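I have a structure I would like to understand better, so I am pasting it below and will then ask my questions one at a time.
Order of writing sets the chain letters: A, B and C. Residues in each chain are counted from 1.
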Amino acid sequence: MSTAPLLRVVHLGKSFGGVKALRDVSFDLAPGELLGVIGPNGSGKTTLVNLITRFIRPSSGEVLFKGRKISHLPPYKIVRLGIARTFQMVKPFYQLPAYRNMIIPLCSPRMKQLPGARYGDRDAVALDLLEQVGFERDAHVAYKPAGALPQGYLKRLELAKAIALQPELLILDELFSGLSLAEVAGIVPIIEKLRLDGMTIIMIEHRLKELFRVADRVLVMNFGRKIAEGAAAAVMEDAAVKNAYLGSEE
Amino acid sequence: MKRRKERIDRGIRVRSSDVFALCSWREMLYLSGPRLLPVAACLLLPAVLGVYWQKVLLSVAVFALLAMSWDMLAQTGMISLGQALFFGVGAYGAGIMDHYWHLPPWVTLPAAALGGGVVCTLLLLPVLRLRGIYFSMVTLIVPLMMVRIIEATKIFGGTEGLSGMTPLPSRWVEAYVAMAVLLAALFGFRRLLDSDYGLVLRGICDNDRSVINAGINIYWFKAQALFLAGCVGAFAGAFMTHVYMFVGMPVFALDYSILPIAAAVVGGPGSFAGAVLGAFLLVPVSEALRGFGGLRIVLYGLFLVIFIVALPEGIFHFLQRKYHQFERWVEVEK
Amino acid sequence: MLIGTTIYALINGAILALMAIGFSLTFGISGIANFAYGAFYVLSAYGIWMLLRLLHLPYPLAVVLAVAFNMLAGAAVYRFVLLRVRGQALSEVIATFGMGLAILELFRYLGWVGFEYTLPVFVDRSFVIAGTYVDMQRILILAFAVVLILALYLFTHHTATGLAFRGIAQDERTALTFGIDADRVAALSVAMGAGLAALAAVFIIPLGSISPGEGYDVLIKALAVCIIGGLGSTGGVIAASVMIGFAERFTDTYVGSHWTMIVSLAAIVIVLTVKPSGLFGKQKELEERI
């Protein structure tokens, strides 16, 4: 590949007191790729995301975004550079209508930085974004208070909030968790469309079948280490991966 | 046959929060009434009250400003236990400018307000990064420490304070300046917190992680909220310095921290109108109960506990609910 | 003079530590900032006074009863007030603050202030150490502070309840999965904080007299120590108490007694600018709390 990687994670590690949550993880991410990150619970996937977005400080190692070191920057600056993430636990503002939940990202200073930034009423932009992620305009779903919406819509709202920032790198932390098959089937096309538009995406997931439909590469983690990396099919054949998920017979 | 309470919105079409078409006097009155009433009251009261109650009205205005300032901070997630800090800094600011530099009130009032805001924001800046409880702790002890420091070092007049300040031209000017600032603060704060900017502030209170995730520097916003609240509180202090023509240690007293919180909590936190309502209720009551001395503060303390635990919505929201909806008991079929 | 000042500085540090440890413990275990702490301190003092003067109970019995009463009061405050607003920071702070206020101002209104309102010293003797008079009460304070810290350390490291406390303090959710009842522990933490306040009162009040103002003073000092030392850290309480104790005492002797409060305030300002979470503070910055 001749293009420089968009994101480089180099020997990243994090210890909480005595617990080594992440050990010596390194990988590159090319622009336009969709990388899946999988692994058993507690393997450090969310810690990895938190480190990249700098919600926690790394104990060792470095993260480079577009060739620039970012591990010393506060999280809000990293968002302004073009990295957006969703949270595993969605916590919208329950009393507000769904589209009002979008206002805060649309108030972000990032919006001014974007070439051809969207002008116009923030409410209208919010409604438009929500329609893109599947809030049916006719049913006026976007006007309902967030507390009244089922999980599928809340996850899409979370996605819309991240997309609103027009990031170059989108990190989705267990977007599919808690969703029915139908709901997942509804969201996957949205992600595929984002990919076609050229967005680079990292997806942390437990739902492997759906993930493998969209992922170019997969990274497998266990106990804070990277144990395998490569195309989906190849990775699943790896003995270490099988061991991690299923346990060995010894 | 069991009964349940049924709550139905009143049959007035216009109760939305956005653009609406006003089609009748009834609807226009329904909306404007609750807003015009306090404005009318604030403008008329100074004219109809006697001298003594006019002074009480000034107190009401001052505590209402402090209560609104508290409410602003609380809505951003900062719980101040020391409104007296803003009050005292503003009071001494005006006092110093008058006493040492002989500046007239129309200079000292805005200068002390803005200066007080700056000083208090800088002082509390380091605490913004920490857990909310630190903010409460620091705002509680700093004014109390200031009292002891002034007492011990005798600066700025020490225990006797500074006296002989320039008063405002007349009691009418006093009253109407107070009312004007009160109304400006009330409507200004409400407008601000209803806007998108206010949504960011409330977002910081509710889910600060999410706001950071939107690329917003929450500390900058918190500092801004602190500055606004500080200015309002400092103005209250500066104003009182000119009304009483005196400033001394008591400006940092616990009274100025507690009553605003009680007013806001009793009146209805989160609505600014509740803070003003609470001040209009508690301050005259406090005056009337002056004979009981310290027992008043005991009552405030109890009010605080009772309201925050059992009636957290406060009086204003209660009234608001009644205004917008009516309730009745209905029979429930088995 | 130097040795005398040093001795009194140590004792001052011990006094501060005794005052602050209850507050720090409650916060460290359950995250509750008990702003009624000063009120508990004064409450137990008046309680013992009443038991001694009105019921003529023997002193040790009165002390035990007062400590027990405080602990019950603390648990009751949790059960009836805090439990209902648990988790909402605004309500917790205001509820405890309002309660502390009501109690302290009630005593002020009742007018229980004056020289007759005091507690007796344990042993009315004094010694001459290195040329300075030191009374027995102050020495006992120092000794008790050391013993208390040791006892607390043993408690939290070697007993089941103590370990449960540390578990909750570290990670509430995980502790819950181990079957530790978070509400029980929180109630216990408030109770223990109140009990420690009572013990502190027993040792410190004899140096002066009881007054509602003492309640505010204790709260201020406890808060100052916790801010400088770091909330929830016993090591922080010790370090900050010793530091402030020495700073105050030396300022008092060599500069002037007016300046002691300024020194404390300056210490707070410096700590907040340089290391806001306190010397031994385990409070991570916002980002780290994700």
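Keep in mind that, in the parts below, a residue touches a chain if its C-beta (ideal position, glycine included) is under 8 Å from a C-beta of that chain, and two chains touch if they have at least 3 such contacts.
Small disclaimer: the values here were computed from a predicted structure and weren't measured.
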item	value
Chain closest to the assembly centre - both centres taken as Cα means	B
Dominant interface by contact count, named by its two chains	B-C
For chain B paired with chain C, centre-to-centre distance based on mean C-alpha positions, whole Å	32
Centre-to-centre distance between chain B and chain A (centres being mean Cα positions), rounded to whole Å	42
Interchain centroid distance [CA atoms averaged], chain A/chain C, Å	46
Chain C: positions in contact with at least two other chains	287, 290
Chain A: positions in contact with at least two other chains	55, 74-75
Where chain B touches two or more other chains, by residue	209, 212, 218
Chain B partner contacts - residues on chain A that touch it in the complex	53, 55, 74-77, 79-80, 84-85, 87, 91, 93, 96, 100, 103-105, 107-110, 122, 161-162, 165
Interface residues, chain B side, partner chain C - complex	74, 79, 81, 123, 126-127, 129-134, 136-138, 140-142, 144-145, 148-149, 152-154, 208-209, 212, 218, 254, 258, 261, 265, 269, 292-295, 297-305, 308-309, 312
Chain B contact footprint on chain C (complex, rising order)	27, 33, 35, 81, 84-85, 89-91, 93-95, 97-103, 105-106, 108-109, 216, 219-220, 223-224, 226-227, 231, 257-262, 264-265, 268-269, 272-273, 276-277, 283, 285-287, 290
Sites on chain B touched by chain A in the complex	196-197, 199-200, 202-203, 206-207, 209-218
